[in-house]
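Following are the structures in question.
Here come two complexes built around chain A, the first alongside chain B, the second alongside chain C.
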Partner chain A sequence: MSSFSFKDAFDKVNQGPLPYLIVFAHIVTGTLLVYFQPRSNLAFLVLMSSFLSLYFFNTSNRFKITAAVVMTLLIMPILGVRNIFYLEVIFQISVFAALALGLNIVVGFAGLLDLGYVAFYAVGAYLWAFFGSQQFFVLPYAPGTQPSDLPFLLAGDFFYLFMMLGVIVAAMTGILLGLPVLRVRGDYLAIVTLGFGEVIRVLANNLDKPLNFTNGPQGITPIQRPSMPDWVVDWFNTIFGPLVGHEVNTSHMYNLWFYILALMVIMVIVFVTKRLDDSAMGRAWTAVREDETAAIAQGIPLVKTKLSAFAVGASFAGIMGVLLAASRTFISPESFSFMQSIGVLSMVILGGSGSIPGVILGAATITILNLQVLQGFSLYLNELRQSDAIIPIINFAWSDLSTQLDPAKYQRLLFGLILILMMIFRPQGLIPAKRRERKLALEKTE
Partner chain B sequence: MKGFLKYVNVTEIVRPIGQLLAFSCGSAVVMSAIAIGIALMLDKTAVGVDLLDRYNVSVYTYTMINLPQVVIDGLTIGFVYAAIALGYTMVYGVLEFINFAHSEIFAVGAFVGVELLIALDSSGMLAGASLGMAYSYLILAILMGMLAAGGLAMTVERVAYRPLRGASRLVPLISAIGVSFFLQDVIRLVESLTTGQFNRIMPTFGNFDQRIVFGKFAMGTSNITLGISVKSIVVIVSAVLMLVALNYLVNATRIGKAIRAVAQDRNTASLMGINVNRIISTTFLVGGMLGGAAGVLYALKFTRIDPFVGFFPGLKAFTAAVLGGIGNLTGALLGGIVLGMLETFAGSYMGIFTMGAAGSEYKDIFAFSILILVLIFRPQGLMGKNVGQKA
Partner chain C sequence: MALLEIENLTKTFGGLRAIGGVSFSLEKGMIVSIIGPNGAGKTTFFNTLTGIYKPTEGSIKFNGKSLVGLRPDQIAARGISRTFQNIRLFQEMTVIENILTGMHVHMKQSGIDTLFRLPTFKKEEKEAEQKALRLMKYVGIKGDVGNDLAKNLPYGAQRRLEIARALAADPLLLLLDEPAAGMNPQETEEITRLFRRIREEMGITILLIEHDMRVVMNISENICVMDYGEKIAEGTPAEIRSNTSVIEAYLGRGAVAGQHEEKIA
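This part shows the complex of A and B:
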């Protein structure tokens, strides 16, 4: 985000020990602000933006990794448990970051516009929702008529197995969908994937008969979570209790654990993405993205290449779906709407398609905009409505403002504006992907 | 009269009407035959027994009783799809780009028309209107919807698509998705700020809700009533008029020639002295106007509209355009009619044929299955030529 007019000044500051100091000061300031002002959104933004300074300032890799680990595994959890809303925010950021990273492989690397990406997320979520709840025994009952004393099919700890299964099942769904449709050109693919997303949602809505697989629009609940031993909670309380300031209970610990699981998934995704990007497959993806015809001429198997991108992207959505089902203990078709797909797409586009830090930044920005800025703005407008204030020049009383003007409900406006503006003014995204440089001499030796 | 006819290319008026007739009758006959065939096959199976138990009719009788209504409904919605699909297909023909925001342009047309009629209604002008006045109000609403939608389509092209011309294919498509989402919420915002709610109901006026009954005839123990509601006739007639007008515009006028030239080769067209930008704007204007009119007609037929009303019709119309062969005007007509028929038949009969396991709730995804099937087996569409990929 270092804009070009400031680039020289930024470069001057960005050398020697100064960057270490700035980053350290930023992190400490953010931490202290959030610690002492747990309700302030601004303080939270200061803390979150310290990731940006960590990324942009020129420090050694060891410092970056240490700082990032301390931030994500120590500071965030403690501050998050202190104000559980922040834990929700950072959990959602991690979930969406993982989803956006998965979509990034499809859109950013392989250049396939997938508008039904949450369908794979839904596949993962419904997979665990079906096997991790009583739904198996609800099969013969219409929604709402089942007896309440049904057993669970599997124990909660099967969750970890199903995270793996979610990867496989979602990847297989991706291949099954991809096989027929990947032969069509990019813009058709967009519509077909959109259609597929809607098909999955309609199926989730309607597969409550003849056998009740999904419980229809009411969704499935309760979905089990993996077991959380008491000693973990006690242990957390003894070590961090004084810092947190209140007793941490099991449900807090669950939130924390799912956040950490999401982080682990993100790390796996980043690792896999980087390795894939450097592999022959990654180069094939780039080739297909840049020029399909030329790629075919070079002997790149088109369908296989696209299919692998599709399957890899889908598998990440699948694992996050399983995670979501367990963390929320409730899922319904509402969570997997077309708007969600576009939300994830805007994250990728905003951050910079093909760029890992960019996509994470995009996910964080849009999630914070959604959860904090828009809702904060709504609350602020509500307060203004309650007051007797009047806009001076046009003589308009705030209390006359329609209650329909509720920014929190206008996410589509936000996503739409982001997509249009980014495409017109900065199609490469906030943090553009680094283009691979040509290394002809090196490649000859391969 | 003779002097006038010299300037009118009569074949270009007669030909599309003939095509429309042929497509409508053809798809109606084929779909009816399939439905009747399935019904006869199922009559002796568990499905037939189940239906006989519940309603005391055989599957065959049930199918026949409903058939005329299903065909008429299918035609009505098919013509609406065709009108929207023409907007997609024209823009695709000229720019090779899916105008994703077309569904919202349709919705804006619907809202402008409905708001105008609601305003007229609340001023009391609709209630006391004579039949002639009612029709002129409806025509006024359609014209206003066309104007608003056409203007909006041109604006969208100018603001969100033109700066991106020449970028890679996905860039304008993503921008179009953005426009689509943006417009949905703008409609919602404007409606909820001005009226306090964003679901609008088409006022009842004129004789549009009446049914014209052609006759009844006996079928087993029950009677078949053959009838059609006035608004279905209005929808079909106005759609046919628009389609014929568009066909004439594209195939028999100078502007049409320019549009076809730009679609064929933009660079060469500009060398021939055609103002490419203006032609592209015109294309969006015409497509948008058709979409807007289709929006008002849709509101007339289905009465209730909301800001997201364009989403499914838009997608289905796109499917129709692909089904017919995108970029091909006649194909869009055929695709629209076939898709409308298929969907209505599926929505009406699937529930009965599957014993209630899968009914009309799957109607909306029916179109996508067709889209996927078409793309697998005949990517160039029913009427398109396989031209291979443009580099």
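This part shows the complex of A and C:
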């Protein structure tokens, strides 16, 4: 008698036309559920998990790509504008996925533990915040004292140029920081980067005098967005109006557009990461991670290699920072706290350090946990609290439950638990990194 | 002109004189061994030579140019490759990738080549991969293990892989730190033969640290003996065998000549 194994059962199902059917059914079910139950978190989870079945079931690459494109560019946007909260969730997932992919290069590939990664995100955000708002003309005024009729320095469409500039400026910041810092190893590097992250945040907090660069703790607002022509909105309404069920306005269209921009950035990042990983530079990164002494004995220049990883990782955060500043139209030092760095690090570790699909899964999981599961649970507890229900056997009235016990407040606890549990039980992450299989055959030379 | 010329090399750690004024020269195409009791300073000598430690005093000339003050990666690029006493492979990388990493100094691909997979990039990678495969076979790693992670190889194959990685850089001088440690007599014999082939077929000069006297006496043209950080003797295997200060270093003062034969031979 052979015992039942989940893996065997999965392998049995996972062949022939069946996987196509399962994935298709999963996507359709998820879509319909969300469409008819737009407020249900569970329905949304079913829809999001269809990406997992798309990844794990054995279907052709063409099917996978088509399905992914239809999902991300058609189904999710339509469902997103139907319930604008979902659009916010998928936007945040894409932003964090991009950040986590960037940090993955530094931590996952080159093995440099960077606890201040969010600093580069801040650099990108403040770059556009300064040039894309009235801040340039606010320079001589203390926060809150500026006249209200100041002009904008640049037109909103410069945003696209600044996405490029964000890459360059963040990369240069990475190199400047890296030069003195990367000589230290391991734990010391973690501490120095942690300090750097805080330095940037404190700078943002205090650079409101003598010249007001950052407007201090109050943050910079309004930050301009690129122009959104009316015909785009009309066009969207004409085509998708009946499906969406309500009039889509410019603000919704902006949310949608930033989501799509974030997706495009992710695609560029994945492309660049894959190409670099499978080259002399990527091998040098991994070699340095595996054994510094052996790597340097192979002629790999240590500082240069680490700097390149640092700069590439930083540049991804820079571009997302510019995107964040425009999409929120407001930024303040609050958004770049140490907790953010730890959050992104948890995504990398949860998903699988060095693994691209893993890191994206990690970002999605933690963002959904944060925005939906914890919030949803909080909401549910609140409802119980306001009702006169009691827990039967121990005779405990829900209304006596302390308001301190609010799951949404336990985000940090959750990050901590995830890090601890992953380190103990699955240090390689949910989807571990794999080395590329080469087709190795020795060609005849004569 | 000698390939490697070392004069009065000294390395101190605080009050400890790990290497005290060693002078040594190595002709091109030779196989030379460094022997000595544990703690004699042999590995420190290698580490100083490859730039991991900065020499406190003295000069190192390789191919006529000074190596003092260069970083380890610069020294590697000048043509010195090494293996380590405790195997130091890139464990989570595949066998082929380990060897490819050894070719790092010769890789010409730029960032643009890499991102857009230009023909120059593809050609270089393809040639490198072929060379890596040939090296894998050359050092005697058997089977279709190119895609296996280095950490999953058996011990003997890991030792060989480290040699292949060192050879991948096309070095002029190969430094081997106890390459036969932990091998059985048959493996030891095979690997000794490999060293001879490397010298004969690739023209690479070899300097090795080894405790196994069968290896040392079998392949060395010259032997340098170290004790307490100093060179106490140098000469052909026959000369070293009968050198009294060597016997003293190994067996202690007062050890009679009769005993050393079975120990060393």
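Here is the rule we go by: the second predicted complex is superposed on the first by the 430 of 446 C-alpha atoms of A that agree within 3 Å, B and C clash if a C-alpha of one lies under 4 Å from a C-alpha of the other, contacts with A are read in each partner's own complex, and residues count from 1 in each chain.
Simple rule for what comes next: a contact is a pair of C-beta atoms (placed from the backbone, for glycine too) under 8 Å apart; a residue touches a chain by one contact, two chains touch by 3 or more.
Just so it is clear, the model here is predicted, and its values are computed rather than measured.
Peer 1: Just checking: does A:297 make contact with chain B only, chain C only, both, or neither of them? Give me first, second, both or neither.
Peer 2: Only chain C; A:297 stays clear of chain B.
Peer 1: Name the contact category of A:287: first (chain B only), second (chain C only), both, or neither.
Peer 2: In the superposition, A:287 touches chain C alone.
Peer 1: Once the shared chain is lined up, is A:113 touching chain B (first), chain C (second), both, or neither of them?
Peer 2: first
Peer 1: Decide which partner touches more residues of chain A, taking chain B and chain C as the two options.
Peer 2: The partner with more contacted residues on chain A is B.
Peer 1: Just checking: does A:190 make contact with chain B only, chain C only, both, or neither of them? Give me first, second, both or neither.
Peer 2: first
Peer 1: Using the touch definition from the top, say if A:276 reaches chain B (first), chain C (second), both or neither.
Peer 2: second
Peer 1: Under the contact rule defined above, give the chain A residues that sit at the interface with chain B and also at the interface with chain C.
Peer 2: 293.
Peer 1: Using the touch definition from the top, list the residues of chain A that touch chain B in their complex.
Peer 2: So the residues of chain A touching chain B come out as 107, 111, 113, 115, 180-181, 183-188, 190-192, 194-196, 198-199, 202-203, 205-206, 209-210, 292-293, 338-339, 342, 345, 349, 402, 404-405, 410-413, 415-421, 423-424, 427.
Peer 1: Enumerate the contact residues on chain B facing chain A in the complex.
Peer 2: So the residues of chain B in touch with chain A come to 97-98, 160, 163-164, 167, 169-175, 177-186, 188-189, 192-193, 196-198, 311, 315, 318-319, 322, 356-358, 361-362, 364-365, 367-369, 371-372, 375-376, 379, 389, 391.
Peer 1: Under the stated contact criterion, what part of chain C meets chain A in this complex?
Peer 2: 50, 52, 71-74, 76-77, 81-82, 84, 88-94, 96-97, 100-102, 104-105, 107, 109, 111, 114-115, 117, 121, 125, 129-130, 133-134, 137, 144, 146-147, 149, 165, 169
Peer 1: Spell out the residues on chain A that touch chain C in their complex, using ranges where they run on.
Peer 2: Going through chain A, the ones touching chain C are 272, 275-276, 279-281, 283-284, 286-287, 290-291, 293-302, 435, 437-438, 440, 442-443.
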